[in-house]
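In the part that follows, the structures are each spelled out as structure tokens.
Paired with chain B in one complex and with chain C in the other, chain A is shared by the two complexes that follow.
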Partner chain A sequence: MGVRPLITALGLLVCWQLLVWATGAPPYILPGPLAVGRVLLARGDLLLEHALVTATEILLGILIGSLVGAASAILLTAWAPARRWLMPLLVVSQALPVFALAPLLVLWLGYGMASKIAMAVLIIYFPVTAAFFDGLRRTDPGWLELARVMNARPLAVLWRIRLPAALPALGSGLRVAASVAPIGAVVGEWVGSSAGLGYLMLHANARMQVDLVFAALFLLALMALALYFAVDRAARRLVPWQRETLPET
Partner chain B sequence: MRRSAVALAVLLLLAAPARAAEKLTVMLDWFVNPDHGPLIVAREKGFFAAEGLEVDLVAPADPNDPPKLVAAGRADIAVSYQPQLHLQVAEGLPLVRIGTLVATPLNSLVVLASGPITSIEDLDGRKVGFSVGGFEDALLGAMLERYGLSLDRITLVNVNFSLSPSLISGQVDAVIGAFRNFELNQMDLVGAPGRAFYPEEEGVPAYDELIYVARADRLDDPRLRAFLTAVEKATLWLVNHPEEAWNIFKGTAAELDDELNARAWRDTLPRFALRPAALDVGRYRRFATFLEERGLIDNPPPVETYAVDLFAR
Partner chain C sequence: MAHEPPPGISVSVPRLVFGGTLLFADLSCRFAAGAWTCLLGPSGVGKTTLLRLIAGLVEGGRVEADDGRPLAGRIALMAQQDLLLPWLNVLDNSLLGHRLRGEGAGGRAKRERRARELLARLGLGHRLSALPAELSGGMRQRVALARTLLEERPVVLMDEPFSALDAISRHRLQDMAAGLLDRHTVLLVTHSPLEALRLGHRILVMGGQPVTLREIAAPPGPPPRPLGDPALLALEAELLEELAASDARMEEAWASAP
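The block that comes next holds the complex of A and B.
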């Protein structure tokens, strides 16, 4: 991984502490990194227990959301009527603020994990579908010409040319999904839940244990980061033939 | 010409300027509702102005913010809850209770009147929804223990603000955190009346549901005493002229003029603190002991450090 990310992390922690000093914010508004570190150690088991619940919701949400999103994109590509009828639905799914839908989802799916997973799915559906669909319809015309000349069947064109060519776009969509899915899960927990980091934050906030709130936030941020890098790695493996032309360092 | 101009200028300068009203920020606990009757009446009937105050009533996005903002010096007074004050003080927030708005508990355990639960014992093995307040398990635990039950005999589900919908839709069998003057009327109006169990009748010490808190180092601010004087006047006026007071309240905003608010107003009227500044030390001591026994706070400090009667200092 290298020492550079560690330096960045240290730098962020220092900035955080400087912010606390500069604004003079009391610990019940903005606790410093040391206070949060203490809570992470003291209440580690509680935090981990709830973190696992949220992590499960996020992972399942990404899995289901990506599958449904990819399938939708392929449907849109393969079938013209779908483009007419599904597109508006797609845009609406993005336009509606999720926290407005959250109470409805909880009412329909109950207070367990299902509603939180549904929230995560909803929030990533548009990014994944839109990105993948975009890649599928912008296939290089030269390749499509070649396929036509070779008398390729439409299904073969889709499966062997459009799809592989659109995989980098899918990768971008998945990266966005990885960073946004945690929001869906946490908002779902805020509306109604008995476990998870979102629930823990609500509870700690009501008890004025602001250091615990920030500890939960910190864990959430770590999870989101880890998820992003994992998806990034996977996405790159998905498209081994397309090298990145920008050096990483 | 110049002489009269100078005379005019001197006269204008000597004319006693009207005392500019002092601004005061009061953060409410929630959006404006009948619980805030005395505050609305005080503003609309000029009781605040008579004390030289220009009061800004602000509704928060999150009910947990106002005490934090007052503690941080960003607001002057917050409407908060006595139980939460004990928790906040335990976490080191420099807050002091300076007055009471609603002098009875409003929190209640509510079930559907048409449902199978007729007494607290029937809650055995059931689901209870709650709105995160920080101490609902203490409240519920005490009520259950009276009937030989404990918290592990029930399932607690955080339904946050959907107390009535979750109960009516059957997703939970009971809810704790419903205000008896609001949620009960709400359920009645949608045709699903509720049955309430009151904590203070089931083993929980009585407490002030709504109080005014200020920062501990600002207690000598004369505006605070002026505020309480105006609120006392408004409360007494409200008690003497309930119909007129309701008309004033509902006239301030269109969304307040409906059946739910009318019924809530009627139910809240007898609960307003008739002596807002007066302090019942024993009540705060008893509730602190109760929270300590339930494991929510350790070693509560003397009541005088977080609850005062400003006029008795």
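The block that comes next holds the complex of A and C.
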């Protein structure tokens, strides 16, 4: 990562502003980046207040979803009946569009944070579970045979061989989780809420304050990016023995 | 290193098919207690399968220790790949078996001291906290040897453990293994006639389908035998010729198989 992506982004912003000037689009349809910047400064307090709500929902969603997902993957690995009884259910549950559940979640859990956290948890549960479980069942058979000749205890094999060997796969699952969790939280806010960036965007949109919509969108993107890079970094830390084989860009 | 006297092992296999090929039919063989038996033979003849059978990783035959006690828990295995865990350092990798059996903290200090001593003897004393990725192939295989030895099992099965190494590392590791596994019941699968002639008290050549075993007289003198020995070199040439012929026959058999 150098300055090059930044220059690209800057170029796009300039094109956007030029487009707005050239077409003379009214600010309630398409505000330019300058107008959005002004709103960001002028209504920073309001934006920050709602951003904090959304960030809390996303972070709690990731935390709970990852813990439950990782625990499920371990359970599926360690306990054959769980595999037989739960695995088909898990796969079928993916056929259900999670977004369609949002109204129900709001009905059950209310307008507060709980329904949004539940939404984020539901949306990241499967990618985390599937990725980690995949890693857990692909352990090098050579290691398992060695452990068998050593008369290893089954729990020790799970804990000391299967689990660490599956950490890179868990890392991939967590990266996916980091990129989809914000979607879950925002959709939850759209369906019914009294705070959060999604709520703010919906209301600003209805009042033709499109510049405020864009400002909220900008903050949301910033949060999602920060989250992704933080998780990516943590996932690399998790497996220091794994070397990257792509050249640095 | 083992405290109990090593048992001899007898194997009898009525019939074993692997990958669609009849490998063994009415095979029975005995491996002498406290001695190195080297198994030679062309690729695909069933050397590794025989070893895995004895290790209990393949079903289909009777494997017994001649002291009448079960073999499970008395075998250490050293495979062709080092099978080091990439997230454990050298010291922890060498003590893997003890960790996996959950042996309590009681003997930990003593075990660690023994591991340090052994690793130092194998020339790894300065790399105890290195991860496998930081080591050369020869060093990794030495860690695998240390892990095998620290199991302190009277029976040791080795499947071409030195074949991936450069000539110098191989020579040194053969000497170390021969010294440290003296008075163990060792089964060494190898592709190299020279290795078998240097290290074996007994040398068995596996050939044919199904397999028959033929014993070759080992050169005189205790292993590891010096490479310069003319008797050893003459035997190597002879063995190589024979294995090459046997290898060619195997390929013909495969080519003519339906």
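Everything below uses one rule, namely that the second predicted complex is superposed on the first by the 225 of 249 C-alpha atoms of A that agree within 3 Å, B and C clash if a C-alpha of one lies under 4 Å from a C-alpha of the other, contacts with A are read in each partner's own complex, and residues count from 1 in each chain.
The working rule: contacts are C-beta pairs under 8 Å (C-beta built on N, C-alpha and C of every residue); 3 or more make two chains touch, one makes a residue touch a chain.
Here the structure is a predicted model, which means the values were calculated and not measured.
Once the two complexes are overlaid on the shared chain, A:Arg233 sits clear of chain B and of chain C alike. In the superposition on chain A, A:Arg84 makes contact with neither chain B nor chain C. When the shared chain is aligned, chain B comes close enough to touch A:Tyr199, but chain C does not. In the superposed pair of complexes, A:Arg243 makes contact with chain C only, with no contact to chain B.
In the overlay built on the shared chain, the residue A:Pro164 is in contact with chain C alone; chain B does not reach it. When the two structures are aligned on the shared chain, A:Ala152 is found in touch with chain C, with no touch to chain B. Of the two partner chains placed by superposition, only chain C is touched by A:Trp143; chain B is not. Across the complex, chain A is touched by residues 55-57, 72-73, 75-77, 79, 81, 83, 85-87, 96-97, 99-102, 131-133, 151 of chain C.
The touching residues of chain A, when paired with chain B in their complex, are 25-29, 103, 106-107, 110-111, 190-194, 199, 202-203, 205-210.
Of all the residues in chain A, the ones that touch chain C in their complex are 140, 142-143, 145-153, 156-157, 160-161, 164-165, 239, 241-243.
Residue ranges of chain B in contact with chain A, taken from their complex: 62, 64, 67-68, 71-72, 84, 87-88, 91-93, 132-134, 155-160, 162, 165-166, 169, 171.
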